[in-house]
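The same chain A turns up in both complexes below, where it pairs with chain B and then with chain C.
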Partner chain A sequence: MKFDGTTLHKYTKEKKVGEGTYAVVYVGKQEFSHRQVAIKEIKTGLFKDGLDMSAIREVKYLKELRHNNVIELVDVYMSPDKNLNLVLEYLPCDLEVLIKDTSVVFKSSDIKSWLLMTLRGLHHCHRNFILHRDLKPNNLLLSPDGELKLADFGLARAFGSPNEDLTPKVVTRWYRAPELLFGAKHYTGAVDIWAVGIIFAELMLRIPYLPGKDDVDQLDVTFKALGTPTEQIWPNVSSLPNYDALKVYPLPSRQELRNRFSAATDKALDLMIMMTQLDPSRRFDTTRCLQDDFFLEQPLATSPKDLPTKSSGGDEKRRKTNA
Partner chain B sequence: MSDTEALKIFSRQYVSNEMVDILVATTNSVIQIKNAPQQDSTKLVSLRKFICRLIEHSNVQTPTLMTALVYLNRLRGVLPGNAVGMGTTRHRIFLASLIISAKTLNDSSPLNRHWTKYTDGLLTNKDVNLAERELISLLRWNLTVPEKELVVVLHPFLVRIKNDLRKKQEAENRQKSEYYRMSNFQSNNSLSSTKSSIFSSTSSLRSSPSSYHNLVESAPRTPLKEKSIPAMNYHGHGYSYKSASDILSLGPAPRLRAN
Partner chain C sequence: MTIPATTRPKASESGKSSKDGSLTPSEKKYVSSDDLYRHSSQYNLWSFTQAQLDEMRRAANEKGRKAALQRFEAARSSAEAENPAVFAAHGEELTSNMLELITYEEEQVFLRFICLQIIQICAHFNMPTQVRATAMSFFRKFYLVHSVMEYRPKNVAYTIVFLAAKLENYFILIESFCTRIPKTKAADILGLEFEVLQTLQFTLLVHHPFRPLWGFFLDFQLALLHPSPVMYDVSVDTIGKLYDQAKTWLNEYALLSDAPFMFTPPQIALAAFYDCDKRITDRYLRLKYLSEGPDSMETIAEEEEDPAVSKHKQTQKEQYDILVKTLKRCIVVAKQELPTSREESAKIDERCFFILSPQKLLKKKIKAFSA
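And then the complex of A and B:
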């Protein structure tokens, strides 16, 4: 891998495929290999402040993390107009696209497979002391051969000590853990687990599980579904900066959850419950999740190559049979 | 004690003059400077003053400074030996290392326009941005700091921490053995008193724990030690650190990022 100016002309940008607040994404090719790549060009609107912090972190962490379930950083270069370009492996689909496409049928083994790959990628992050902090279906990309890969490390950071302050303003609202909603400045990998638990629920429901309209509503929606945290179930919760128990909702009964997730087996429900514990210290970590009986229960996870997928541009679905 | 433990202790220390010394010396060793004309060098603030002012304004913590130190060391290895800079080159190099370190480690880091302000007019926003870009390219975007590299760079500090702790441990051990010797002496005394006074067995029973208590009270306290032990063992989980910058990303983030 070369990270210098001489790689300048080694890539061609062919088509703009996406635009975010801080970057434009193109599909392109690595010239010498003809490999298809995604090129994320960082906007320099805030040029006054130099290199974008998110971009620096994304490069740093993706260089550290090499894993089948984490997007591969191929190269970094500065274009002649001084813009920063991240060359990433090209992944044509993401989980959000699939969840929204009602013509695609999810089998329970498919959901298990996506959850498993998400947890493997996340486990790799956490064991390298990196928090992702922006997990959502839209950031779980799918390769043509069905592999799921964690992407968008722009909010990621290293963790390691209880002394440091972390910003609670992370994670897209619907996937934000209760400790973040309460403004905690010290949190752990449990915030990522929460997000995965909510994604797990969304895969089963095929609609967002906790779609808060704004930050205040998010608290209400979250606690309506999962109960309001109290000192009893989460010691010291009331000392968090934005703790607020205006409305105290009871914890949902097993039966209520069963009704909501009618297709889930007991083991699936158990795992989801442990990933969405209100008290972060009671939430499962990635190791415990990966060892869960749910993954040993029949039907086993679909092998990646047999998973449904589609490319975000066209609409060719890949699963041939739904048998 | 291992280097890892010493690093953890070191990373919690306040920024000291010695840290500034090593930052100045390392920055000076990165590149030589062509002697500037007299009137220019009088205007130029010394590197040490410059660094102190940046630390003061940004309230940057030890871990961030020490990561910058690693980048400075790397840069020395990258630049050709005969490279020559101008009056402010070293200032630029130092600031760029600090900015990149802060951006990679902390959630709330000063923005480049703030850093520019902290230079007190020595550098423009454009200068600062350019230096940042050049440094990150020279480092080839290799920003991860492995523990090994930190241990090498911080060797003098770590040796001292390890020595201090060893001495403290030894003093503690001496004190402990002294304490046991005395408490044995005491309990032997009270035991013999139990035997002698058959009628007042309860009172003597009560007396032996109370004498024990007195001894504990009178034993000299070592608060430093008590503080340092939980700090050392805080990371109770079974992981080992892959990247030492993870350890170093400590310290309260000084200011909010102004958006």
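And then the complex of A and C:
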């Protein structure tokens, strides 16, 4: 068999497994290798300015990021009907599904393992100067052997270019860092760390930690839980665009947090607190998170292959089929 | 060779599970930004030597000629079927000899001209440096693979500027793009997008020398001014001016040249500094590479040394020499001149037009014969 361009790039779509805002996702096979893949077909008609911007940005970043904890972009092709297709590794489960599946028990070592894999993937993005900007449990996909992979880079972008404005309208509301809620135009990898901190909390609570009903409510929910930022704890915060008429909540005491996260060890709590510092410059970066004592404390992180993937019974993958 | 990309601290790598399968973050292997660059698509897919570049361009030109001839023969057969009488009488004048194929040398000059046009298009839209630099990179990569006898450079240039703007967060609606450039159709621009992506092998992230230039700018200040000035006539202002000059240098020379294919972004950035002010840059390099502190005089070097230390010094000296040599090579590559003229380019463009639409060329000639 000759592996020329044409045979290498042949795929069959088997069935639809999901649908997002700008794409329909199919499970399929790469014909020559029989490798199972996910094929993300970008909806046409939504974007009349040529190839979809989110799709090509996703390609742009995934093409550079090769890491065990980042989804692999296998190929890109144009179908005969002129639709752009991204071929991705097939990842049949995500963290949101597991969080919602009340029949699955999370051990603290499991949570540690997911957090660690998320941070590793994110660390790889950040050291390549790529911000993810849309971290949430349903963008953390899980492979059959338990590996967690960052996915959905449609909102990602490069950072570090001086004098460039960024849009504050990123990151699904519940995982949005306070600087974004305040409409900051300059932000850093700290927005991703915040999101991971909130996901960490959600893994322990098994329900969303800061579920704001709308953008205004999100501010309230966030500060009720973590305190309202003031000039004292976050210099210059009051100069951010949406910083006004805030209800002032006190910073939570350690005891309050301990009550809320009753199963968390002190080290777990410490790390979560450092990931959810209101002032982005005080938040840990990925390097610091990865070196945290929490990961050295017993019990150590569960090895990926021993992690729960889906509740037992039924071989039908328990992945929600609609976003 | 290794050049510190910037003054950025090294990031710890903890990407893999340890052998026993348990995940421990304690394995600390350090990765420099230079190592990261070596994993980029730019390094792996788009780095070439001068000889390789020349060879690829010659191959592209050859491929373009073949394609042109094939296109012509196909057009000729259908023209012959339509006008058998004309072909019976003038057949030997209606051959591919009519085509004025573009030579390798002409092609390079023409492409250079279009590169300069890209700068103007970007200026016309007031696009940031990043868009211009990315567009330039895409364009030069595209014509490493293809010839002007396959894709009309003007069209490719428009598509590429539009695409680069989309990828670098400076999105412009296709309608406004077309209305501001006369005689362009949305379909022509969008029609080439996928072709361009495919030729780029979907590698859309380009590392430009501007970020390292900024990093070196900061590090120059640290090394040359702190804790106290090392050179009596070098101040923050001097370094600031040098930075601006170096930035202009990148825009005027490096980005239009083969340097981005042959050197890493930090190398190009340092070359820019070096060419703009050899004295200051060399002082910086000596401080960095030869650990020549302000008080390290020959007397110290005369002292009897531990052989290990002198060995170390030796390799440092070698590194420094290699680096300076590399910078000098980079400057030569960046400043290679290729004079172009609007008139000559217009003529080549017209020839390209007929090469790409041979039926029009045949029609013209047939009309002349049957008149």
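FYI, the second predicted complex is superposed on the first by the 298 of 323 C-alpha atoms of A that agree within 3 Å, B and C clash if a C-alpha of one lies under 4 Å from a C-alpha of the other, contacts with A are read in each partner's own complex, and residues count from 1 in each chain.
What we mean here is this: a contact is a pair of C-beta atoms (placed from the backbone, for glycine too) under 8 Å apart; a residue touches a chain by one contact, two chains touch by 3 or more.
Predicted model only: the values in this text are computed from it and were never measured.
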Room on chain A for both chain B and chain C (clash or fit): clash
Touched partner set for A:L296, first chain B, second chain C, both or neither: second
Which of chain B and chain C A:F159 touches, first, second, both or neither: first
More chain A residues in contact - chain B or chain C: C
Partner chain(s) touched by A:H34 [first = chain B, second = chain C, both, neither]: neither
Which superposed partner A:K15 touches (first chain B, second chain C, both, neither): neither
Partner chain in contact with A:H123 - chain B first, chain C second, else both or neither: second
Partner chain in contact with A:S113 - chain B first, chain C second, else both or neither: second
Touching partner for A:R66 - first (chain B), second (chain C), both, neither: second
Steric overlap of chain B with chain C in the superposed model, located at which of 183-191, 201-209 or 237-245: 237-245
Contact residues of chain A, present in both the chain B and the chain C interface: 48-51, 53, 56-57, 59-60, 63-64, 76, 78, 127-128, 157-158, 160-162, 164
Complex contact set, residues of chain C against chain A: 11-12, 14-17, 20-26, 31, 33, 36, 39-41, 128, 130, 162-163, 166-167, 169, 171, 173-174, 189-190, 193-194, 197-198, 202-205, 210-211, 214
Residues of chain A that touch chain C when the two form their complex: 48-51, 53, 56-57, 59-61, 63-64, 66-69, 76, 78, 84, 113, 116-117, 120, 123-124, 126-128, 157-158, 160-162, 164, 286-287, 290-292, 295-296, 300-305
Of all residues in chain B, those that touch chain A in their complex: 8, 11-12, 99-100, 103-109, 111-113, 125, 128-129, 132-133, 136-137, 140-144, 234-235, 239, 241-243, 245-247, 249-253
Chain B-facing residues of chain A, complex: 3-5, 47-51, 53, 56-57, 59-60, 63-64, 76, 78, 82, 127-129, 157-167
